[in-house]
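Each remark here refers to the structure printed beneath this line.
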Amino acid sequence: MFANVTEPGVVVPMAAALAIGLGALGPGIGIGLAVKGAMEAIGRNPEAEGAVRLTMIIGAALAEAVAIYAFVVAVIIAFVL
Amino acid sequence: MFANVTEPGVVVPMAAALAIGLGALGPGIGIGLAVKGAMEAIGRNPEAEGAVRLTMIIGAALAEAVAIYAFVVAVIIAFVL
Amino acid sequence: MFANVTEPGVVVPMAAALAIGLGALGPGIGIGLAVKGAMEAIGRNPEAEGAVRLTMIIGAALAEAVAIYAFVVAVIIAFVL
Amino acid sequence: MFANVTEPGVVVPMAAALAIGLGALGPGIGIGLAVKGAMEAIGRNPEAEGAVRLTMIIGAALAEAVAIYAFVVAVIIAFVL
Amino acid sequence: MFANVTEPGVVVPMAAALAIGLGALGPGIGIGLAVKGAMEAIGRNPEAEGAVRLTMIIGAALAEAVAIYAFVVAVIIAFVL
């Protein structure tokens, strides 16, 4: 894919792209699964709305953190390496 | 794919493309899962429409944020690298 | 992919990207599955909210740890190698 | 992928990345499945909370160990090879 | 993948990485499935807790052994080859 690459400057943009590109795949799907579960829970039992929403936000924040790790590494690649 | 690439300017457009392209895959699917769950919930229980809609928007915004990380990295690649 | 690469500096950004990019895929989806289960449990049985939330956080933290391993390796690759 | 590579220092970062990147995929998803099952069990039968939580932690620790093997190999690759 | 590689030191890190990286994928997911089944069984029938937990540990240990084989091979590659 990169033949005769000798300059780090050539690889850095592609590396930053793969870090956030691949790193966003899992959390993006995972948060969707979490919210889907929340929707079904509220549809089945609307009185549980508050409990569902709070727990969903806590859980989705944990998945969001995974995406933030990837974002941090992408920024490190872009500006430090 | 990139034979004899020696100029960063050749890689930057492709890198920006992969950043947002891969980065949009997961959140795109995830938001779809979230909305699908919301549809099923409202279909099952129309009185829960308001609760479902509010929670869906909160949850989808969390997945949307993952796509925004990819967008930010793509813009960094395009204009800074 | 990297032909005639002779400088570690060329590989390091790509390696850091793959470490966190691939490493975030599994935990991101896994945390989503965990939260989805929690949502369904609270929807079915709102009185179990406290038990579900505590157990969900313990379990998601175990999956989060997997992502943190990948993040640590990515940082080691970026700053030590 | 690496043609005409003559320096181990070029391969080591990529190898450490693949070790933890691929190695985190399975345990990340697996722990999520385990926690999802625990959530459904507590939702169905909240009195089983203690039994479910203890067994979930034992099981997730076994999957966590798999990720730790990958982390150990990644660190060996990074610092010993 | 490695054309014109003439030094074993170049291949060894990548080989160890692929050994544990690919080798951890299956057991990680498999243990998760095993624990998920155990959770559902305890939720449905809490009196079976002891039997379920013991059998889960035996079963997960068998999957864990698969990951340990990969770990042993990765260590052999790293330190013996």
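Per-chain numbering from 1; labels A, B, C, D and E assigned in written order.
Simple rule for what comes next: a contact is a pair of C-beta atoms (placed from the backbone, for glycine too) under 8 Å apart; a residue touches a chain by one contact, two chains touch by 3 or more.
Which chain is which protein? Per UniProt: A, B, C, D, E = ATP synthase subunit c.
All values reported here derive from a predicted model rather than from experimental measurement.
K.L.:
Hopping along touching chains only, can you work out the least number of steps from chain D (ATP synthase subunit c) to chain E (ATP synthase subunit c)?
P.N.:
The fewest steps needed to get from chain D (ATP synthase subunit c) to chain E (ATP synthase subunit c) is 1.
K.L.:
Angle of the rotation mapping chain A (ATP synthase subunit c) onto its copy chain C (ATP synthase subunit c), from a C-alpha fit, rounded to a multiple of 5 degrees, please.
P.N.:
25
K.L.:
Per the centroid of Cα atoms for each chain, what is the distance between chain A (ATP synthase subunit c) and chain D (ATP synthase subunit c), given in Å?
P.N.:
Measuring from centre to centre gives 17 Å for this pair.
K.L.:
Approximately how many whole Å separate the CA-defined centres of chain C (ATP synthase subunit c) and chain D (ATP synthase subunit c)?
P.N.:
9
K.L.:
Would you kindly tell me how far, in whole Å, the mean C-alpha position of chain D (ATP synthase subunit c) lies from that of chain B (ATP synthase subunit c)?
P.N.:
Computed from C-alpha means, the inter-chain centre distance equals 25 Å.
K.L.:
Approximately how many whole Å separate the CA-defined centres of chain B (ATP synthase subunit c) and chain E (ATP synthase subunit c)?
P.N.:
32
K.L.:
At which residue positions does chain C (ATP synthase subunit c) touch at least two other chains?
P.N.:
1-7, 10-12, 14, 16-22, 24-34, 36-38, 40, 42-44, 52, 56, 60, 63, 67, 70, 74
K.L.:
In the complex, go through chain B (ATP synthase subunit c) and note every residue touching chain A (ATP synthase subunit c).
P.N.:
The touching residues are 1-8, 10-12, 14-34, 36-38, 40-45, 47-48, 51-52, 54-56, 58-60, 62-63, 65-67, 69-70, 72-74, 76-77, 80-81.
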